[in-house]
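Encoded as structure tokens, here's the structure I'll be asking about.
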Amino acid sequence: MRDTALRLPSRQAKPRSRGLTMVIDNGLPTSYFRDAVSSSTELIDLVKFGWGTALVTADLDQKIETLRSLGIGYFFGGTLFEKHVLQRRFDDYRAFCHDYGCSHVEVSNGTIELPNPEKDDYISRLADDFTVLSEVGFKDGERSERLSPSRWVEYIRADLDAGADLVITEARESGRSGICRPDGRLRFGLIEDILEAGLPTDQLLFEAPTKELQTYFVRRVGTDVNLGNIAPTEVIALETLRLGLRSDTLLDIEATIDGGRRA
Amino acid sequence: MRDTALRLPSRQAKPRSRGLTMVIDNGLPTSYFRDAVSSSTELIDLVKFGWGTALVTADLDQKIETLRSLGIGYFFGGTLFEKHVLQRRFDDYRAFCHDYGCSHVEVSNGTIELPNPEKDDYISRLADDFTVLSEVGFKDGERSERLSPSRWVEYIRADLDAGADLVITEARESGRSGICRPDGRLRFGLIEDILEAGLPTDQLLFEAPTKELQTYFVRRVGTDVNLGNIAPTEVIALETLRLGLRSDTLLDIEATIDGGRRA
Amino acid sequence: MRDTALRLPSRQAKPRSRGLTMVIDNGLPTSYFRDAVSSSTELIDLVKFGWGTALVTADLDQKIETLRSLGIGYFFGGTLFEKHVLQRRFDDYRAFCHDYGCSHVEVSNGTIELPNPEKDDYISRLADDFTVLSEVGFKDGERSERLSPSRWVEYIRADLDAGADLVITEARESGRSGICRPDGRLRFGLIEDILEAGLPTDQLLFEAPTKELQTYFVRRVGTDVNLGNIAPTEVIALETLRLGLRSDTLLDIEATIDGGRRA
């Protein structure tokens, strides 16, 4: 944060307990990846190597070494976990995450048929060795749309009870499933139900790959909402939304700053 | 421009008085930014650090040093000006622009309530120290849609009279407000009114972040239209549209080249 | 491909006769281009310098030198061929491709009026010196929509007979013309007709710039479908679709792997 005469919302320094930004790497070129995470290290809390990209990334070791040297946590996408479970290779997956020095691991059932109790069992087993991020919601837009808000809340609570540190609400990298409808619109009612269920907001992380979703969550939850699936090129832009330095949130954030003074 | 047997429209060398390409940096990684502007230096006339990104860009000094060494002008987005005006920090903003060696400054009222006469007063005050780019149009799509063509022309003229060197017509980085409708379609009638109002075309710069908008303006105004909010990755693509080297404008530009010969 | 406990489809090593990935460069910055192609060399079979971008790329020599050193083939977009034909400069175009050491050349009639017999004559003439890729389909969405499936098949067959090594089906870089409708939906019936016409599938290359198109072709044709107009940033993501490591194709590919075992 540059010196400025402006009054802006305050932000925790890293390591943060809220206002997390989780970046997704969909398969960036190696030098570009290094450039992206080192240009905005203070703004990036976690990096996800999206779905199974880790397996076809020739320079995965170099990318991981970069993150380690910068002190940024990382994990592999939940789809890679699911693929291993589907082929009955869970122990290999755990070993794979250990081999690459992951501090975090993601557990999901967005693609395969994995009943929630079994999913929660995996969360418990992994929670001994890793910080577990679980994900709620399906990759398939129509299947997700049939998941009622009360189920979402129930599943989030169960994942937290099983030992998940953070629960991610699915939106994919496109913003077209999970908490979004197939046409990209947010399921506003669902978000309200999740936010008003008495869950610990700092343990929720909303996938928000588009500016529209990011804007909505910053306006609704505030500067310190946890957001994920942020494109590496959008990290700075997201921070301006959090701080009210972009048109979309400027007046909303201004109101929260002035709240005390004007009241 | 590579040696070629093709007949192509001629273009001014830099510094140009028309056919300007203004690039927007939405928060690119540092090395990538340097790469982008140095790969196509001859095609880039100006760089805007979009909205308030300058304040959260850790390597802003390096980016600016790169632009200076390449002789490319730069300025901060109008939203940063507006944020300072809103917090009654205009003098700090002027000092901020001076501190970073800006040759240009943008004055806008796209987000905050700033009556046009006051905006024009800021233009006059800044015109002593900077080349002033003013912007007409609102960031909010619906508010922009209610701004009639005659008002647009009136505001453009007033900004020029107040001392603006270039007047930018708003389209945001999304192409979904200002001269565009919220669904992304261009307001064709508005553009016709602006182009036929007898304004100095070389002092108008149209924000055109999408290929569709760029194509429209090159076809309608010609190779040498001034265009802005061009993504750094689209600079070469835009130049091919200007020269008729891409399908979308190929036959149109061909017709202008052959005009003299075939007539 | 990283060591993994997972069962995945096998892929040919380079040089491949099927499962080709053709990347399009729309004008990337020079270092980024080098980074992109060297990070995933094993996954990239061919690079196209889109339409006429080669003429306005200051560092074209450096880009080509990079591809040569990595053993990746390259060619210029068909639009550059058409522009030369339109200006009666075909011999200059052939010389241009020779000067830049192209192994491949693309012949198309997507923009200019070039009757198919004449196009096939160009294919024959170029086939002596180059590996010829021909393209079927028009850039203009509506014109393409009026081209019937039987005509598509007829044109593809004629191009192969004339000496084309690969025939590309047009989709542009936007996925909104050729084999796609102007609204972006694929012409499913057209694709079925092409696939069921008894043409040599390994000599067909489908332009598939979006994840939706890539997913469709991997599901319909299989891991080893030839795909083109892949963005440099999407090379790794496409490979995960081919291998069933992304949600969109995970269960489909899993079924093909297990086919033998479970049967």
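Observations
Letters A, B and C mark the chains as written, and numbering starts fresh at 1 in each.
Simple rule for what comes next: a residue touches a chain if its C-beta (ideal position, glycine included) is under 8 Å from a C-beta of that chain, and two chains touch if they have at least 3 such contacts.
The model shown is predicted, which means the values in this text are computed figures rather than measured ones.
Because contacts link each chain to all the remaining chains, their graph is best described as complete.
Between subunit A and subunit B the CA-based rotation angle works out to 120°, given as a multiple of 5.
In terms of their C-alpha centroids, the spacing between subunit A and subunit C amounts to 34 Å.
Within subunit C, residues 31-32 each touch two or more of the remaining chains.
Looking at the complex, you find that subunit C touches subunit B at residues 26-32, 50-60, 79-80, 82-84, 86-87, 89, 92-93, 96, 110-112, 139-140, 172, 174.
The touching residues of subunit C, when paired with subunit A in their complex, are 1-2, 4-8, 31-32, 35-36, 38-43, 211, 232-237, 239-240, 243-248, 250-251, 254.
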